[in-house]
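Sharing a structure below in structure tokens format, with a few things to ask.
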Amino acid sequence: MKKELAGYPVVVEIPVAWGEMDAFGHLNHAVYFRYMETARILYFERLGIPEFLGRDPLGPILGAISCRYRAPLTYPDRVSVGVKVTRVEEDRFVMAYVIFSHGLGKLAAEGEGTMVCFDYRQNRKAHLPAKLKTRIADLEAKGF
Amino acid sequence: MKKELAGYPVVVEIPVAWGEMDAFGHLNHAVYFRYMETARILYFERLGIPEFLGRDPLGPILGAISCRYRAPLTYPDRVSVGVKVTRVEEDRFVMAYVIFSHGLGKLAAEGEGTMVCFDYRQNRKAHLPAKLKTRIADLEAKGF
Amino acid sequence: MKKELAGYPVVVEIPVAWGEMDAFGHLNHAVYFRYMETARILYFERLGIPEFLGRDPLGPILGAISCRYRAPLTYPDRVSVGVKVTRVEEDRFVMAYVIFSHGLGKLAAEGEGTMVCFDYRQNRKAHLPAKLKTRIADLEAKGF
Amino acid sequence: MKKELAGYPVVVEIPVAWGEMDAFGHLNHAVYFRYMETARILYFERLGIPEFLGRDPLGPILGAISCRYRAPLTYPDRVSVGVKVTRVEEDRFVMAYVIFSHGLGKLAAEGEGTMVCFDYRQNRKAHLPAKLKTRIADLEAKGF
């Protein structure tokens, strides 16, 4: 595994599609967020969301996300997107992302997003369920 | 109204987004289908789908669609997408689309798609409800 | 190799992204055209376009394309998209596509598109260069 | 003009497309960045980029961008995206974005991005041209 991806318990490989480039001839900026989403969804699957939350009306929603672009991506290429949880608070947790370009042999971008625990029944923020915190800790532990 | 859009009971105006262009510097081919979808959804709203189908487990699904490209679109531009039903059969109907470029002053593309009536409960094709045929006839009549 | 992909000299594997699904919970219809584009671009690379056309002001442009939907795709899944040339005429050639779902174990869609040879200098259709026809024949022969 | 858009010299109106919603039934998170891009491109046009930079090998590139989600967007809706420059430094400037939902009557999201001045000939960061700073100041002044 690439050292840039070390410490990321969930990594997904994505082929860059030609059609994801824009008129500048680079991967369009918005697509990096699609790539991070793909990794995030996989992370949640590994956590067992939604199955394990069962009929709980709670779920994490994306409160904010950012991306720092370090090198332009172009087709053809293949990226590995790593994601990990870097901080857990009462009603939210922070996820860090890296997008590693196999073509360039280095990071193309880094991102960070905040997931907020939301109670769909009461339509407001809620505390993270203890079992979700445990799952995150377990998943992160496996990755290190 | 542009003569190219005459006879189309539903027309929707869409601004071309810069980011919808691809590395060739033209609107990406797949985006034309997004534009046609936008017009199709509006047509269905005008028909009153899904409200009027009520708890009917029937709905039209897209069986096939095609696009003929006549002129490349580029940002900045604004298109008007027209849609009409050109044929109604027992279990399906055909929709024709035109994409008119205001920047070019002519059609950029034409499309055609087939909607098949599907029974989600029985998981198979079904006859179009009589009321749906009536709604289509009414909507088309208004447009001519 | 899956029998559904037999006879297709160029096949590309694409992971379905969660974010490519729309509000119906299925892969959005326009995305199938993105998948076909990915296969088409790879086919052109295999032909050696644009390198071998050199400074020739000729190139194939997409004149029309269609898709027939056979089964809805959902995340998670992985598709293999096959593409082949089925007919070569004086100024155009026809490409056939299949989208095979590994999750469903069957074809999710079939497509067909027409590439027209265009002379960018004279801004009009042109005859296909003889060397391009030869390359296509060679590539198709390898695939059968 | 909505008070949420006051102080933004460039505002662009964008219709939400049905197909931009994802399987959660909300506008996909990545699409907000497409919307901000549309506003950014318009801002650059108002600045006169690229025309006025002429044969200058300099141009602003996106170094980083973030979005804070405040309310989920759904089709049908129409948003107004405002953009302004909030800070100019030697080799970069910061742009702030707001996405106002006309359907909700409030802000759906806020964003911030950093544009870095890049010298394509020397392949490195460069000082912002004085004339670009002047143009930005002029455009911002008109908007306040």
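So that you can tell them apart, the chains are marked A, B, C and D in the order they are listed, and the count of residues begins at 1 in each.
As a working rule, a contact is a pair of C-beta atoms (placed from the backbone, for glycine too) under 8 Å apart; a residue touches a chain by one contact, two chains touch by 3 or more.
Owing to the predicted nature of the structure, the values given are computational and were not obtained by experimental measurement.
Trainee: Please state the rotation angle, between 0 and 180 degrees and to the nearest 5, that superposes the Cα atoms of chain A on chain B.
Mentor: Between chain A and chain B the superposing rotation measures out at 180 degrees.
Trainee: Among the chains, which one keeps its Cα centre farthest from the Cα centre of chain D?
Mentor: Taking each chain's C-alpha mean as its centre, the farthest from chain D is C.
Trainee: Between chain A and chain B, tell me the centre distance in angstrom, where each centre is the average of that chain's C-alpha atoms.
Mentor: Once rounded, the distance between the two centres reads 35 Å.
Trainee: Using CA atom averages as chain centres, what separation in Å is found between chain B and chain C?
Mentor: The mean C-alpha positions of chain B and chain C differ by 24 Å.
Trainee: Give, as an integer number of Å, the spacing between the C-alpha centres of chain D and chain B.
Mentor: Inter-chain centre distance comes to 31 Å.
Trainee: Which positions in chain D are in touch with at least two other chains?
Mentor: Expected reply: 18-19, 28, 30, 34, 37, 75.
Trainee: Would you tell me which residues of chain D are touching chain A in their complex?
Mentor: 28-31, 33-34, 37, 61-69
Trainee: Which part of chain D faces chain B closely enough to touch in the complex?
Mentor: Listed in rising order, the residues of chain D that touch chain B are 14-15, 17-19, 34, 37-38, 41, 45, 75-76.
Trainee: Help me check something: in the complex, which residues belonging to chain D touch chain C?
Mentor: So the residues of chain D touching chain C come out as 18-19, 21-23, 25, 28, 30, 75.
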